[in-house]
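The first chain written gets the first letter, and so on, giving A, B, C, D, E and F; residue counts start at 1 in each chain.
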Amino acid sequence: MGTVTVFGLCAAAVVGLGLYGVIANPQPLRKIIAFNLLGSGVFLLFGVIGRRGAVAGIGSDPVPQALVITGVVVAFSATALAIALLLRLFDTAGPATLDSDAPTRPRPDRFGG
Amino acid sequence: MTEFLTAAVGFILAMLALGLVSILRGPGDADRVMATQLIGTGGIAALLLLGTVAGVPAAVDVALTLALLATFASIAFVKKGLSRFEADGTASTENE
Amino acid sequence: MPAPATLLATTADGHLLVLSIVVPVAGVLLSFVLSERYVRQIALAVMPVGAAIAMAILLALPRGDGFIVYLLGAWSPPLGVALRADGLSAVMLAATAIIICAVGVYAAADSPPAAGSRRVPFAFWVLLMAIWAALNTIFVGGDLFTLYVALELLTFAAVPLVSLEGRADTLRAALRYLLFALVGSVFYLMGTALLYGLYGTLDILLLSHRVSAEPGVLIAAALMTSGLLAKTALFPLHLWLPPAHAGAPAAASAILSGLVVKGSFFILLRLWFDVLLALPGFAAAQILATLGAGAIVVGSIVALRQDRLKLLVAYSTLAQIGYLFLLFPLALDGQGRLDTGPALAGGLIQAISHATAKAAMFMAVGSIYAGLGHDRITGIGGTARALPLSVMTFALAGFALMGLQPGGASLAKELLLLETARTGQWWWAGALQFGGMFTAAYVLLVLVHALSPPDQPVALAARPRRGSDLAALALALCSLLLGLLPWQPYLPIPYALESKLFGVESLVKSLITVLGGTALAILLSPWPHPLVGTMAWKDLARVLGPFRRAGLGLGGLVERGDRVLRQWPVAGICMLAVTVLLAASMFGAD
Amino acid sequence: MSIATAFEIMLAAVLLGLGIWTIVVRETFSATVGFVAYGLLVALIWVRLDAADVALTEAAIGGGLSGVLLLGAAARLRDAEPMAEAAPGKLLRATAAALSVLTTATLAGTVLLLPDPAPSLAPASVANAWATGLSNPVTNVLMAFRAMDTMLEKVVLVLAIVGVWSLAPDSAWGGRPGPRHRADPYGVLAFLARLLSPVGIVVGIYVFWTGANHPGGAFQGGAILASMWLLATMAGLADAPPVSSRPLRLILVAGSGLFLIVGLAGLLFGAAFLSYAPALAKPLILGIEVAMVLTIATTLGLLLSGAPERSAEPWAP
Amino acid sequence: MRAHVAARVSVASRAAWFLCLWLVLAGATLDDVPAAATAVGAATWTSLRFLAPGSSRLSPRALGRLVLLFLYHSIVAGADVARRALDPRLPLRPGFVAYPTGLPPGPRRNVFATLTSLLPGTVPAGDQNAQIFYHCLDVERPVIAELAAEEEALVRALYND
Amino acid sequence: MSLVRDMISIAAVSAGAFFFLAGTVGLLRFPDTLTRLHALTKADNLGLGLVVLGLLPQADSLRDALKLVSIWLLGLLAGATVSQLIARAARQGGSIR
């Protein structure tokens, strides 16, 4: 069991946690946080793959590292945009949820509880 | 030496985990925010030790960044977290 | 696909590919700096240039063996990133240029823009050019990670368009769209990570030579596919589409519905037809097409039950996206692997045909909305006389979409039907026919309402905008004439087909589509029919009564099911389930 | 099991614990704090994975900016908490959990079964480093081999700004973003900002500059600079400029714009779009990075400030 | 004229501090000169903008004493807290103490509060007029006297104007 | 020589680890927010300081050593100010009193 194994498993678990959170956490902010967790898991996956590609002199393949840095930038801007949307929604409509429909329609019945 | 330092990192990490368990439970928000401060200090120590163990000089730079920025969560908390008590966070807090 | 050596060097007209990305990007940056006052002029200057580049690529492609390649920074893959254009890219580039220009003219003629707001036009024009840049990158990108960045560029440009009007429901729609699309991209990114871990490259061409059917690849394929499906809004991952596309301003809806969903669809085609050729695609293709068929049924039935025109058109997009996915099983060759044959060509032509027609439709609906001040379907009686150009645009676009000759959709349908016969999958022929009929149903429904005499004289809230309406009409005409274009240099199309387009047989087919559509509209639409009260209707109603009741019951059921599926947790679970299903099907076949 | 592996297992366990806390805890504020702590800790894993460039990125983003962004939002939204919709039913949650576990298991299996020896572009990137004259391989990938992705990503940042600004009410368009922060000029926060900001500026520029040859780079440095600006803003020592300001907009596109111009110069006079003549490569790349660090710092700062909320009244300290 | 010179000295000394920081971080290389100049310039400018140069003189000897006192205090502080934490009886008598300070509100008082937050068992938790409120782990300790000693050392080291 | 250095390192790092332990115990045992704040900032900063002290003999150069010290100083500044901010917040927020 080495670095790659431990953190590979860790990355996969973080991905699973993020997925569950994105689906099951009801508040939009929690979904945004869970998305960040999910993204972090995927980046760790890249990190593990980069670590596997280590050669003499370089501890980690630089290409996955570069991809992760690009990905982090994108994920952070996405988070900022999502939060700006959420705060604006809160200002216009009060407590914000994602699961209400266009205003002309009645609220759908809950499914499964 | 390497083993000793690695064990030290492990020990600090364990203390970190225990501390987290205690303060994340609360009860107040201020307790929870202290978790970030705890991770900040413990993380810096762990990074410095790790950098020496693994011979990664850049770990020191990472620790430097953490030292610079680990306070930010607490700052954001006192800025905005108080707004439900006071109209304007720190201003009213500091001019009692 | 030719040997890698020929595609790992820059070809003669390669710089055109660079320009197709750089020009709209430069437009974005320039208009961001020069701000609100010049943004429209810059966009209108970028459009002809961009269109000329797209046409130049279209002309250059046949000269270069059907491929154009450009190595960015002169670094060759796997270290560097290549841009590559083939026939698929070229026609998509051209179609995108045409649609962007038409929408641009539509929006530019719409003056004064959005009642004094400087914010809306600024955001709209900048984002329009950004969408163009993102789409062009998607069409010519030769690297899976570059495609990811382009995909995100597309999302970042599309989401603010949804919420331009700033109402709470559009903000909610935009947030939902953003979050679901982000989850989709993360899935795509996960697959990319696995592929890099397996083969050490993300270059599409290199991967196509290295990929074999190993477990890791199957999982990567399942993850990437379902991520892209979420971004394309294929049923049942469509929760975000109807409110987003219906809530945006008309010009933005036209772009979102016509073009943006095609971006992720195109990557899906690249993935399956270029990267994953070695995979056992049979079961996965059947699943995709089944979801597509589901989309056609659900999207069309729910569309027929909408009371607002914009929502109807948005749900029609849902159905049309499903139609696109019917190409997958029809592209299978004898060994159950995907093949770039007529089915792919048909699917792509259908995508272009839908892009043009749907953009035109949304613009027409936007004009109707602006003219009447509302878009309730039951209240549009008399519109045909008051706003003839808009109704005509809607009609022409609708005819093109339902597969009347010589529209692109009819050519696509012929191609796909040809492949159902070749591969012996007759059941998809039924889905294809039904898709056409459903389209006919909601187009006819709207037209009948628009043509019926009004209850009271129509009072226009705003004067019709001639320039805008002409742009929309031109686009609709474009869609209706797509079947006549010479596609052969770019897409594999059997020669025999074009002569068949105007035969008696095709006329009969059209008639069947229209009649079937009429029947479906009567059976499934809950709205009081404009013909109610005439003698013929009473007779008809007696005969059809029980059927109509059954149809409406079914419709209600489908609508309720659709509402359940559009709840966030359900949609999320569906996404995971689709991933698992795809992976399991491929493992089963392996 | 070696002591290093034991340590790694513990690190992963603590991280996962924080992740679980983030997902399952009832209160949004606690979840947010949990995630911020997670973001601080994840930098350790990146150091352990020998990816110091990424570790710096995560420390700068996860440590400073994400915390401010998420905790600020959590505080503003907390009144909504009791009224937010109920959690999905048990059946749905169980299904979601089962499918997530399945995904995790599949992913873990796939990662563990990746081929050995692993394919790697590390040798190729080292072999081609001569072309830029920089010895940080990650910077070489970002600025030369995959320059296209980096440039497009900078355009993404511009679009994120356009997206956030487009949420402004029409009356505030062109005005200053976010609420005006006020703080006691003699308070602790102002004191910290007065002392820390200049130090942070030195550190930020150092992290950026060292990125040419050691871990670091424009994004990491820019994130640190943005944090310092944010600190000064929160302490009431500085204010966001109005979004209609021309110089501001120039800075916001400087990175991508210069990248584009240099790229086009390569197309016209050099080997290819985004290629650098070997003699000029280093100064050109550094020039682009200088522009990028300005752009990134400003962009990140403005992204955190949010949509314009105030008209562009002159600011008096 | 003297103020002018003093201001110049203050600018130079701050720039020197930031240069030292840069040298510690990056080392001394000729290639780094442009970056170092930018960093030092930007930091000095920001620092001067945020914190106007003071008029007081440093007393090196007193400063050395302060540093020693500070180090000594931090060790005692840590040891004291550690002792209380590990003591099975948990000897805590927490509460607030109001300390009357002679320092004006502003940087001087901030510096004092920050330094004393490292004293055994005290954390400043706000101030009002000429009083700083300290939260103490043990209110029965002679907190006020210790704080006064600390204040005197600080004034002697930094603010002997 | 190297042995002496290692001994110093081991002693200092162990002492640092002890303060981390004490801080954590304080966090677990102290009754309220403000008392825990004492435990957090005091003991941890000393722990960090001792770890830094322990690493000084291992540093390759004077510059590296000074870098470590400046990290500790930054940590001290951050800890001292944050403890004041949180203490104010806790006093204001009424979770004490």
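As a working rule, contacts are C-beta pairs under 8 Å (C-beta built on N, C-alpha and C of every residue); 3 or more make two chains touch, one makes a residue touch a chain.
Note that the coordinates shown come from a computational prediction; the quantities given were computed from them, not determined experimentally.
Chemist: Can you give me the shortest step count from subunit A to subunit D, moving only between touching chains?
Modeler: Step count on the best path from subunit A to subunit D: 1.
Chemist: Find the chain most remote from subunit A, comparing centres computed as mean CA coordinates.
Modeler: Farthest by centroid: E.
Chemist: Per the contact rule at the top, check every chain pair and give me the one with the most C-beta pairs in contact.
Modeler: By contact count, the leading interface is A-D.
Chemist: Between subunit A and subunit B, what's the gap in Å when you average each chain's C-alpha atoms?
Modeler: 22
Chemist: Counting only Cα atoms for the centres, state how far subunit E is from subunit F in Å.
Modeler: Going by mean C-alpha positions, subunit E sits 17 Å from subunit F.
Chemist: How many angstrom between the C-alpha centroids of subunit E and subunit C?
Modeler: Subunit C and subunit E have C-alpha centres separated by 64 Å.
Chemist: In whole angstrom, how far does the Cα centroid of subunit D sit from the Cα centroid of subunit E?
Modeler: 32
Chemist: Mind pulling the residue numbers of subunit D that touch at least two other chains?
Modeler: In subunit D, the residues touching two or more other chains are 4, 46, 48, 50, 53, 65, 76, 79, 88, 92-93, 96, 99-100, 103, 107, 111, 114, 118-121, 125, 145-146, 149, 153, 156, 160, 163, 167, 186, 188-189, 191-192, 195-196, 199, 203, 210.
Chemist: Send over the residues of subunit C in touch with two or more other chains.
Modeler: Counting only residues that touch two or more other chains, subunit C contributes 79, 145, 149, 152, 156, 159-160, 163, 166, 171, 190, 194, 196-197, 200, 567, 569-570, 572-573, 576.
Chemist: Going through subunit A residue by residue, note those that touch at least 2 other chains and give them in order.
Modeler: 15, 19, 23-24, 32, 45, 49, 52-53, 59, 63, 67, 70, 74, 77-78, 81, 85-86, 88, 96-97, 99, 110-111
Chemist: Touching subunit B in the complex: which residues of subunit D?
Modeler: Interface residues on the subunit D side: 3-4, 6-7, 10-11, 13-14, 17-18, 21, 25, 29-30, 33-34, 36-37, 40-41, 43-44, 46-48, 50, 52-53, 55-56, 59-60, 63-65, 67-68, 71-72, 75-76, 78-79, 181-184, 186-189, 192, 196, 199-200, 203, 207, 210, 214-216, 220, 224, 227, 230-231, 234, 236.
Chemist: Mind pulling up the subunit B residues that touch subunit D in the complex?
Modeler: 3, 6-7, 9-10, 13-14, 16-17, 20, 24, 26, 29, 32-33, 35-36, 38-40, 43, 46-47, 50-51, 54, 56-59, 61-62, 64-66, 68-73, 75-81, 83-84, 88-91, 93-95
Chemist: What part of subunit D is in contact with subunit F in the complex they form?
Modeler: Residues of subunit D touching subunit F: 188-189, 191-192, 195-196, 199.
Chemist: Residue numbers of subunit C touching subunit A in their complex, please.
Modeler: Contacts found on subunit C: 79, 145, 149, 152, 155-156, 159-160, 163, 166-169, 171-176, 178-179, 182-183, 186, 189-190, 192-194, 196-197, 200, 242-243, 246-247, 307-308, 311, 563-564, 566-570, 572-573, 576.
Chemist: Along subunit E, where are the residues that touch subunit F in the complex?
Modeler: Interface residues on subunit E, with respect to subunit F: 21, 23-25, 27, 74-75, 77-82, 84-86, 90, 92, 94, 96, 113-115, 117-118, 120-121, 123-126, 133, 135, 137.
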